[in-house]
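Multiple structures are listed underneath, in structure tokens.
In the two complexes below, chain A is the common chain; its partner is chain B in one and chain C in the other.
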Partner chain A sequence: MTQKYRAAPQDDLIWHPLDSMTLLFHRPSGITHMLADPAPAILEVMADLPLTAAEIAVRLTAAFDLDPNPETETIIRARLAELSDLGLVARVPV
Partner chain B sequence: MDRNAMTDPHPSDPSANSGEPKGVVTRRRALIMGAISASAVVSIKPALAQTAGSVLNCEIPVPDNSAMGGHIAPDGTVVSADTPGAFPAAGRNFTGEEVRQAMNGRTFPGTSYDQSQAYVNYIRRLQAGQSGFTCYASLQMPR
Partner chain C sequence: MQAMHQILLKIGPAAFRIASAWRQPLEQLEALYRDYPAPPDGLVDFTVRLEPGKPWRRHVRPSVHIGGDFWLPDAAPLPLSQGLLAGEMGMNLQMALGWRRHLLLHASSVEKDGQALVMTGLSGSGKSTLSAMLAERGWRFMGDEFALLSLDTGDIVPFPRLISLKNKAIEAMQKVAPADRFGPEMTGTPKGGIRHLVPPRTAIDRMNESAKPALLLFPRFGHASALRDMGQSEIFVRLTQASTNYVALGEAGFLALVRFVERVPAKAMDYQSIEQAEELIESLWSKLP
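Right after this comes the complex of A and B.
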């Protein structure tokens, strides 16, 4: 899977940590999202770079203590699909 | 949000005051990946969706004005007009109600099933900043 994703521009987002959740207001859509792990971390490590799920997995592993899980990349891909449907990440044309 | 907060050392962590240079992450936050099928996002209705009528009457152009003249491939991408198998632009905006019904399996008025599916796939690919995105996003909100 070589599909790359890019997080929504930071200027479009307002973040607010809320205990174990993170509130995220998306200015263009006017929608507030409640994010649970690992969604905020995925958006955090993406910065403003076009990245594949595998590249995001590497960055998450470097930045966080992850439980060893052979499905990490698959989970990331599922979360990216979810975030993409909401406009919080964009699929970068290959 | 202070994005560094996610990696700040916890105050109870002995390494937090180890005298290391500021900005050096000395303790990494544990991250729960969850299950593949476990949704990680709950969205709160935008003001637009507060009134059902607004959602049903909002409009989505296919394609976006910036892609005017392009055709819609079966997977929803905008392609050049000479692309085999691609469908011409819808010719009019679809209402939120039409899109909702099409996403539930109906066809858009005056279109074939495959053509409708191509248009639905285009709408599913809408991103922030494109015409119709907010309308589409509002349709995703639970009533």
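Right after this comes the complex of A and C.
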């Protein structure tokens, strides 16, 4: 799968960590999102780059010092689909 | 069209014009709001209109339709004997749907030592009765329906409307507050028996004095006395549900609410009597920094 994703621009978002969740206020829509791990981490490592799920998995593994896990990419792809539905990531046209 | 009667009221930061096709609800409002100031220069934020749904309903089985700047299309009219309640509901409606200067929380609030206790919960949680009772026991009453959270300072701004007592709370308050502060008893309203109570005079005199929120409680009446810690995520979600204008305020509302959740300690409080609740509240209050 070579589908690439791009996160919403950082200037559009206000982050606020709470105890177990992360609040994300999306300025263009005015919607407050409450995200559980690993969704905030995915958005964080995406920065403003167009990335595939595999590339995000590599970045996450490095950023959070995780052991490589073949399921990581599947989990990321599922979260990306959800974040895409919320308008927090966009599929980059191939 | 026949002329409307009207009165002007200033309650905390909000000024209202209540216009009515009938004199009776306004006379009752005037009597209960007798100690409140008039809006300066006669300028108002909202107009509430109490008028017949159909012209003949002015005289024949008169029924009061609540109109105004903001209104709900499916709100059922009330009989004229409940016109006072219609006026109060109309003011609530304007605030809930139209106020943008503060984050509105469906909560009661009282003040002591310059700090505010905010109590929020569903209808029946006892937040209104608790605020009314505490106001007779050394606390300053700030509001029983809406707590106004300042978008700039994070303070709670008073909105000390008439206290809306329901069912058993009426009897409980009659034991501690003088008779001349009670409005007429209304039975068979959509919320059962209702009687309005004028807040203590100091609440009215000091209705422009804000207070820093120091404690947030989620009271729940009818369960064995207990205090429970709550996670910030749960608190945040419940406060967005308790706010009528969180979405409308956008980023300003988000920032104000985040600051409130960060700064104000919160507990869920179960109780079975006012005495129990007061004991729990005083114990929490005495431990505040």
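Keep this in mind: the second predicted complex is superposed on the first by the 90 of 94 C-alpha atoms of A that agree within 3 Å, B and C clash if a C-alpha of one lies under 4 Å from a C-alpha of the other, contacts with A are read in each partner's own complex, and residues count from 1 in each chain.
Here is the rule we use: a residue touches a chain if its C-beta (ideal position, glycine included) is under 8 Å from a C-beta of that chain, and two chains touch if they have at least 3 such contacts.
All figures in this text were calculated on a predicted structure; none of them were measured in a lab.
Applying the stated contact rule after C-alpha superposition, one finds that A:L83 touches chain B and leaves chain C untouched. Of the two partner chains placed by the overlay, only chain C lies in contact with A:D19; chain B stays clear of it. Touch criterion met: A:E44 reaches chain B, while chain C stays clear of it. Set side by side, chain B and chain C differ in how many residues of chain A they touch, and the one touching more is B.
Within the superposed three-chain model, A:T32 lies in touch with chain B and with chain C [touch as defined at top]. Residues 14, 16, 30, 32, 34 of chain A contact both chain B in one complex and chain C in the other. If you check the complex, the residues on chain A that touch chain C are 14, 16, 18-21, 23, 25, 27, 30, 32, 34. Touching chain A in their complex are the following residues of chain C: 231-233, 236-237, 240, 247, 250-251, 254-255, 258, 261.
Listing the residues of chain B that touch chain A in their complex gives 1, 3, 5-7, 25, 28-37, 39-48, 124-129, 133-134, 137, 140-141. On the side of chain A, the complex with chain B involves touching residues 8, 12, 14-17, 22, 26, 28-41, 44, 60, 63-67, 69, 71-72, 74-76, 78-79, 82-83, 85-88, 90-91.
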